[in-house]
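There are two complexes below, and they share chain A, which is joined by chain B in the first and by chain C in the second.
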Partner chain A sequence: MSTQRSRRARRQITGILYVLPFVLVWLTFLVWPVIYGFYISLWRWDPLRGSEFVGLRNYQNLFSDPRFWNATWNTLEFAAISIPLIVGFGLIFAVMLHNSRFRGKAFVEASLFFPYLLNVSIISLIWAWLVDPDYGILIHALRLLGWQEAPAFLNHPLWVIPLIAIATGWWLSGYRMVVFRAALKDIPQSILESADIDGANGWTKLTRIVIPLIKPAILFSIVLSALSAFSVLGQVLVMTEGGPGRSSEVLALYLYRLGFHYFRMGEAAAVGFLLFLLMLVVTILAFRFLGFESEFERKPGGAR
Partner chain B sequence: MNRIRLRSVLLTLLFLALAVIWLVPVLWMIDTAFKPTAFIFTRPPSWWSPEWTLGHFREALQSWPFGRWLWNSLVVATGATILTLLLSIPAAYSFARLAWRGRNLLFFVMVASMLIPWQVNSIPLYFMMNSFDLLNTRIGLILPITAMPIGVFLLRQFFVNIPRELEEAAQLDGASSFGILTRVILPMSLPALGALGIYVFIFTWNEFFWSVIALTRQEMFTIPIGLKALQGAYDIQYGLLMAAAAFTSLPVLIIYLILQRRIITGITMASTEIK
Partner chain C sequence: MNSLKKAVLVLAALLLLAGASAQINLNMNTLFHSGDAQAMERIVTAFNEAHTDVQITLTQGQWADYYAQLYNAVVANDAPQIGVVHTTNLPQMAIALTPLNDSPAGDLLDAAGISADQYIADLWDAGEFEGNRYLVPLDTHMFGLWYNRDIFEAAGLDPDSPPTNREEFEAAANAIRDNTDAYAVHMAEDGLARKLARAWYYLYWGQDQELFDAGFTQATFNNDAGLAACEYLTSVVDNSWNIAAGDGFRQFTAGDLGMLVAGNWFYWTATEAGLDYGFAMMPEFFDSAVTWGNSHNLVIPVQPAGTPDEVYIAAAEAIRWINENSDDWGIYGGHIPAYNEARTSQDLLDSDTWQVSLATFAQMAEAGMLHYPITHVDAPELEDVFNVHIEQVYNGSLTCQAALAGAESEANRILNR
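Now for the complex of A and B:
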């Protein structure tokens, strides 16, 4: 009896020892900063001259700050444009590559994936040059295609966010393509063959069988793209620094400036928390309303 | 028969055209990098130039410590990859196989914490790293990346699917849990370890948010932060900027040409677990 208990105790200790190194790093550099960040957000934080506890006033200040709402709006606009581009192009490329066989397919896949491997500064520099108002090759091409009034996108308050979103779509859709191709490969060939026997054409097969079967992967991609869109910083910082004016100042950039240009750390931490809250809400809504649980609870044979 | 042939030729051409169009921004970067300034700013823009030059590369490399930045990026990405693997393997094994109280709860909390974005962490991390004197250091960049639970999550999903019979055989031979991990589990998990390694390496190599906050001293910059500084300094000197961008994507391109299949399958493996 006592040997059994001591064996159980030893198992408990062994199990914990194995996770301990990671858990210590995780607690120190991920969990603790979240708690500490919330604490900072309750203060008028000033490490040099002494901080003052202000409760929720930082949050109240943000809610009455037009610049905060402008940044929120810009972030949502960026998300609304970039997510369909990333997921849409990724899905189209994946379906196209999945359904065809030809020489050079590996090259095509490699080319479509390649931009994902470039870092955010590189893609931002490239795109800023592509749409240079005077010498940009993209602007020139658009004029050749008949859009004479093609604007100087990055200097235009209405076009700046769509352009950054397009650049982001170009950058990240290759990654989504790879994810969707993996999902497509999991579709049992027999289902498609029996659809063939029933005389279904390509379009019917795509919309009635393929898309419903990879729906969980699509939903997951949308949520993950949303999370990354809400935290966009690099593209904006390199391409426009939030300009012209503040028409591309997103939440992450506002946070960065509050913290490291104006040294209003309490408010910056509060922006971080509000952004986190936004992400949490989106994720929970997605889980509740988009039939997400299928991804976790799907049982063998229990296709939905 | 001929119609099918024609269709497949057309399809191939369509795909190749798509691939080339998709790469136009990259090709234009390379094209610009080799053109003398006078032929960069022409109207209409032209792919051809009467002269070509290495001058932009020379100027960029002479005025800015690119070697140092590449080295920083390499050390940070390698360090983060190795440390993530070292910490994740035992933790994932424990979550997948060892029975202890609190295991499932802790795992759940850990998975939930994957949602936490850098924005929430960056300000407090800045003060913490400042008090540890770890701003502008490589380890200060590595540690917060290593704290992300993605590695534990990925490997745990993989370990759980390894058939238990193999371990039971080793157990009968008297192997300890450590022996089972190193001699049974790990040799079977090389593809998963590779996938995780590739994923973490690419993530760290391109990491921007935390780096731009933690790095203020030029000699500690990584590539993305260095390029941002360059852009601030040169504004619209696109010859030089494109040369710098092309030069710093060269290592990525070379590795990609060599390891293309491995990188795509690695990303596929990692992403089908996280999606």
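Now for the complex of A and C:
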């Protein structure tokens, strides 16, 4: 009995040792910064002139600042457009490639994945050039197609966020496609063949079989896309610097300016903490509505 | 014999160590990039070749986060010994800088032989804050008028007589618009929000007005002069001299723009584009000819307690040496050296940079046309207020009246926070 207990204890210690490096990294680079960030957000933080404890006043200031709400709205708008684009196109590309057989398929797949290899600055510069009102090839094409008054997308308050979201979709959907491709390959062919025998059409197979079976991959893609959407900074900084006006100033850019330009670190930390809470809520909701498990893993009787 | 060898080796090692410890290493961080960074690297390389007792390690290229990094480096007791600060950032950054007249190592100006008479007076005078001197001016830089000589000729204009006032400027713009396929005018470099705000500033200042009252207690720009400046800026689009989202840099270098208001840093870009271009002083748009400008200054950030006096003195002497050799800063960086002897050096006066543009820039500086932007502890936030409002006027989303009223309200909120 005692031998059994000591063996179990040894196994537990081994397990703890296995996860310890990750836990240490996680505590140092995630948990501690979040706690310390929240601590800073309670101060008028100025290490050289002297900091002053202000409690929740930084949060009160933010909630009464129209610029904060404008940045929040812009962030939500960007997320609402970019997440469906990234996940949707990733899924469409994956399904199309999965179901087709043609020469050059690998080339198409590589081409769709290629933008993901590029740095955010490169992506942003490419798209800024594409829609340049003087020399942009996209604008030129739109004019050839008859849209003579095509707007300067990045200088238009209504178009600027959708355009940045489209550029982001182009950048990130290739990686999601690879995730979905891997998930699709895991679906047993026998299930799809059974569906064929039962007379299911392509749409039915997609919605009733394929999507439920790759749910973990979809959840992973949505969570990843949501995190990158809510923390978007690079594209906005390079393409518009938040303009025109503040039409594309997102929360991360507002945070960056508060901290790094205005030296108002306390308020910047408050924005950071609120952004963290927002992402946490979205992630929890995504897990709650989609669940961790695919239909493969669901236990009989619907118990989960 | 063996012990003798060992003794010799130990002695040699000790001598080497002693030699190494005698050498002072200075870290220098700047916000320069592109041509500016190359010019500064050239000067620092020459410094290192000329000195054995002091060596400078140069780090450059960070522009956007530079001030935050400098501030944080001071907080972390890891600041470089030499830095660069714009004159207008002095109120914000003074807390992170060593007062040169009252440093832990004494008066560094005296120790290094740095004095007011060596520099352009206006630039030197701007380097004090609350009774202490923090800045040693390196240069001044400003906007001027670049024009395409071929387009001038095609429009029937004399390329040797660029416009000097509002009437001539408008006549030239109309001629270019009517007689060529080129855009006529861009008033603000690449048209980024902060550049458009600079255009509004120089048009506003040209009416002998200031943005804020003397004590920075309230905004004073929401007036007729502000409105006139705003309407003149938008007339560029209204008169079809350019489009709202135009990038003047790209248009000019592509040979598609007649006149461009841009800074002295545009020299190398314009030259490398292979254009036949000219450069002129900023025209007098309203009551007086004024241009937006600023200055780079060399500074010693706050050093950790216990930093030896020799390090402070070496840094101050290096600052003096860099300025003494800043004719290269003019030739290769395209800036006007603040140090009098460098500005009048024969090498600089003989250079193409001077002949083509710097001589005219220097005339503008000497004529007192340079106007600094906002010099206040909250300058970056106040400037953002102008950036976003002027940009929206320029792209047609706001009227001038609404933009000025909105900017006034936001600026007052910041000032009275």
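Keep this in mind: the second predicted complex is superposed on the first by the 257 of 304 C-alpha atoms of A that agree within 3 Å, B and C clash if a C-alpha of one lies under 4 Å from a C-alpha of the other, contacts with A are read in each partner's own complex, and residues count from 1 in each chain.
We take it that a contact is a pair of C-beta atoms (placed from the backbone, for glycine too) under 8 Å apart; a residue touches a chain by one contact, two chains touch by 3 or more.
Quick caveat, the model's predicted, so the values are computed rather than measured.
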### Query
Where does A:246 make contact in the superposed view: on chain B (first), on chain C (second), on both, or on neither?
second
### Message
With both complexes overlaid on chain A, does A:260 touch chain B (first), chain C (second), both or neither?
### Response
both
### Query
After superposition on the shared chain, which partner residues are touched by A:48: those of chain B (first), chain C (second), both, or neither?
second
### Task
State whether A:120 touches chain B only (first), chain C only (second), both chains, or neither.
first
### Query
Where does A:133 make contact in the superposed view: on chain B (first), on chain C (second), on both, or on neither?
second
### Summary
chain B and chain C footprints on chain A meet at residues 47, 132, 134-135, 259-260
## Note on the structure
chain B contacts chain A in the complex at 8, 11-12, 15-16, 18-20, 22-23, 25-26, 28-29, 32, 40-45, 86-88, 90-91, 93-95, 98-101, 103, 106, 110, 113, 115-128, 143-144, 146-149, 152, 177, 202, 205-206, 208-209, 212-213, 223-225, 227-228, 231, 236, 238, 241-242, 245, 248-249, 252, 256, 260, 263-264, 267-268, 271-272, 274-275
### Message
Going by the contact rule set out above, which residues of chain A touch chain B in the complex?
### Response
11-12, 14-16, 18-19, 21-23, 25-26, 28-34, 36-37, 40, 47, 96, 100, 102-115, 117-127, 129-130, 132, 134-137, 140, 170, 175, 178-179, 181-183, 216-217, 220-221, 224, 227, 230-231, 233-234, 237-238, 251-252, 255-256, 259-260, 265, 268-269, 271-273, 275-276, 279-280, 283, 295
#### Entry: Residues of chain A defined as touching chain C within the complex
47-49, 132-135, 152, 154-157, 241-246, 257, 259-263
### chain C to chain A touching residues, read off their complex
64-65, 67-68, 71, 74-75, 92, 95-96, 192-193, 243-247, 250-251, 254, 256, 302, 378, 380-381, 384, 387-389, 391-392, 395, 397-398
